[in-house]
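Lettered A, B and C in written order, each chain numbered from 1.
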């Protein structure tokens, strides 16, 4: 019964229901998928980690605390200043530089992560990736720091080595429209076998409210080697960059929007708003309408070039303005918003929803739309698929709610498998493991209730682990290629 | 543990929790209700099936695929054109007419229904109604087609025979205000003992946005044998038709509305909007207000004539306009919307909510209102009862969420039991069986947690199966009549 | 297996999952917390009960039915007039005065409470507090009335005696800003050891729509012994009263608002609205803005004086106007509303959200905000803590949904433990017992799934029972004081 004891271990049956019949089935399904390769079709890992064969991760604090807003937001919420955790200030003002002290503070507060997904991932990383054998706390902090720091100096803990050890089949990054993809080019040129693909994310140029929008447009112009002074030239530049991303292995685009809102502008309206933006005269409503229009334009281009379209909707970014001023974006102050997919996506779906050649993958953190909107929409429109539970909902409970509220109406085959969506590279195996365990446990639940046949569930487990993601993102199946 | 094996069977314990104590209780409760007659107080079965003693169901595709949007929407969502499934086009354009090919396509995609309520109903129908013994798939498709087709040619598979075999105590249909109820009259005249009752649904005339509203008004006028040229005459016509429906056995009305919105217009305002509508000059806001007003008028008439009032709120009909243009309504493109019952129903409740003589049964697909709005409202207003989970939520998970979120606050006795709400006649036993199993399992859960006494739960199981529905819909209890 | 049998008992394992492994753990955790003192940091018990050592509770109907809207709303919803339950009419019109008849009616309808939290509390009170041994029903009603009535005449059933028997460490009441706290003063003066603290609730003066707002302002002026003719004097009066409440032992304020809306007015705007209000010229939007502004002002004062700030948001009060006219407020006709915390609280959080010295505890009945808004906000802002499930959600299912949707993202340590929030004094042990059982069962669930270590969960159980509430409300820990 002791699941996590003083000799720190992970229960081999973690996340499974305690009922013996269900647990036995869940374990059987899990054994089929536990060692399958990792398909990571969407995330934010920095590709430079893999461009240089000798790249290293830095200190334990560099790896696990300073860049991870999932982690430092929890300490911040309990009154720990971000400065004390070494998070860099925008103004270059003083922050803690002693990484052992940062680590100690983190360890002193590790109880805050009890029962949280971050806590489970961190435990998985420490135990499985670094071989830590004692629970992290105030007393053990420095010894564990030594152990990790030592490991990080060894070749087998370099990014490429971990990529291989993690058995990653493919890792997709997320990249600005103007990004030259130098790291991706270097990876290819290096002859290393790891599959790292870019994803085309044009938000910085399609969202007119981007703080440095004009510079972003100039960067885009530089990337295509042509001026962008009209809406038409803007569309052409995007088309060019999409082609370049496809040549570099991209199979998908990604669009992060505050609202699940779309609107079809006339070419004249779009051009006129774009012109105003170039002259620095954007009004808020312009931006909303233009972003909504550009989603439809991007869907149209996807219909032409075959890139899968991801939409991540409904986040109030940088909700804490003073923190934003001091530390910038991605500091744990992004808060989900309600979404309206039924009315908001209608203009988009009116144009392209019926196209089976197109794939649009929807993500939300507004769970009220799972059963009410997303499952019925995905269970109808050929172009739609549903992405997995995202961000705060990338958790055991979040997955249970998703399975519970989505699968009956949408059907499993209108979903897109799992995304880890992380910038924390060493957490990738932990995250996929949670999904695989949670999905196997869900399938076992359905089988013991007589709702799914055992042999069907065994197939579905493999689909949920790798098959759905590969197909939704149009990623090659190595087995099929060999067959 | 094998629940659904290669020799196709249904687990006798399906839908029950695996814990042995809970499962034993659930089974005991289920045994009390499994063979009770079916009370079906709301649905969309065509009464003509029972008017002619020799009516037949057509081919297996006619019965199970072509008319069932729950089924063909799932294939459509995965890229199968509706034409290939024999769904008729409005323009009479070519669609598949070979029902064996339609059936084969359906069988080829039967895996899409894994874990869905449609999948469970279909399996129940094939196994229990038609005696199929091998799983439906590409290989078995034609043999199963033969088996069903053969059955459908036999007298014991005629609609009346199945009605009796299904042990249906009462089946309520849904009928337009102007419907002459010819089939209901024929059923009565035939001397057949099956109880088939109409339900008064005046949406086509109370919703000014109905595409052919003027024709609908003319049909209503024809039905009452008088002109309708004023709002007052309109109300009188509705009152007449309600009286006719009651004479034909109706105990309820039904109102399908986009929004849970009510508003009390002055008689002058109502008359003026109605006049504008007759002259074809409706504005959108007119329609919204008039529909909201007519809900109050209908409640007033219910208070007079005793018809139970059903409100089905919150559906965006025909969300896919191109599909609607080609195939018409009810093609799987209706998507739920958020509802606001607290403010939206206030004008209605201000007038009649305190009337214990009135019964208004509310249905929604916006589950966020279960615990926040509907349960507190029904746990207060004497006139309100809550209908069961509806449409997409008529499922195992949907019922669990409903029980979880409604029953603590509303109390069981402010709910209205189960509705199958189906046009798919052979799915009726399957749907009631899911409800009975899910409700017995819920009660067993409450008993093993010490929240409900076992003997109370046994009574509640019977209430949930038949008692609550009979009383909420004011349907006679045969036992009481005999007693 | 019989949980509640004909010899009326409470299952010792009630609320625990049936799985033997989980149940054993839940029981073990519960044994650690079952007999801990009750910390009740928010509620509506009348302090006069404890001011007079000889105070009594009246009849069984006085105690359990007439003042409890949780109870009489359920009977009302099934058509029982409030007059028949002895609820006093505003106009002094006739209501039932025979408390035995009221009790009989209640007992006749006791089945309505099956599976409801009120049913569980009532059963707990009858069995545990009054020693009732037979189930309450029509037959047993009068004998049980006799038994309770007899007990209520005995000294050990006086309020102070029950306070001690219930092992209440601290009980916080809720009091108007102008309240002289005479009862609290009398309790202190009496030398009795029970800890009863006031809570500062200024809604009647901060909400300009209060029916008798001007009288409330006059009462406030009388309480401070100064005129209030300007906004500045109003703020000063509030500051004075807060200081008085703190001297009387208050550690918190409470703010009940229809909307989770805040807005920073300029001092001039605030003064101008206040002036209009004094002249009786408030417009609705004035009130909304002023209330939203005063929340920020109250937070500012909390930052100065250290009073913890509670916000209870999102209730449509007195939804049934005819009932309100006849019986007044708090008659079971308050219905929850959707909340928007992300945008609504932003002006407040922009000013004080980053202050670790401040504690704001948020409550809602809009569960859709748990995972989407509240958990991410509390998991970020140092000033925020989340209150327990409230009112309709103070129930077994309500707690499960709260644990499920809040704890992963917010973390346990950003929550504020339990509140009973009741005016029904004898229900306090029952309510805390439900919370303790539900939280121990939740922890056991996490342990058997390997998500929390057993020894950590044992600590967390104590935190959930008493520790989090003490710290969030800044109440002294007697053990720490002794230590």
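Throughout what follows, a contact is a pair of C-beta atoms (placed from the backbone, for glycine too) under 8 Å apart; a residue touches a chain by one contact, two chains touch by 3 or more.
In this text the structure is predicted, and so the values were computed from the model without any measurement.
> Count the residue numbers both chain B and chain C use at their shared interface, divide by all numbers used there, and answer same if that is over half, different if under half.
Mostly different residues.
> Fit chain A onto chain B over the CA trace and report the rotation angle, somewhere between 0 and 180 degrees, nearest 5.
Rotation angle between the two copies comes out at 120 degrees.
> Need the CA-centroid distance for the pair chain B / chain C, whole Å please.
Distance between chain centres, rounded to whole Å: 40 Å.
> Among the residues of chain A, which are close enough to touch at least two other chains?
Correct list: 19, 368.
> Within their complex, state which residues of chain B touch chain A.
Those residues of chain B that touch chain A are 1-6, 10-11, 13-19, 73-74, 76-79, 111-117, 120, 135, 316, 319-323, 332-338, 365-368, 392-393, 395-398, 401.
> How about chain B: which of its residues touch chain C in the complex?
19, 21-22, 24-25, 340, 342-343, 346, 349-350, 353-354, 356, 368, 371-373, 375-382, 384, 404-405, 407-414, 446-456, 460
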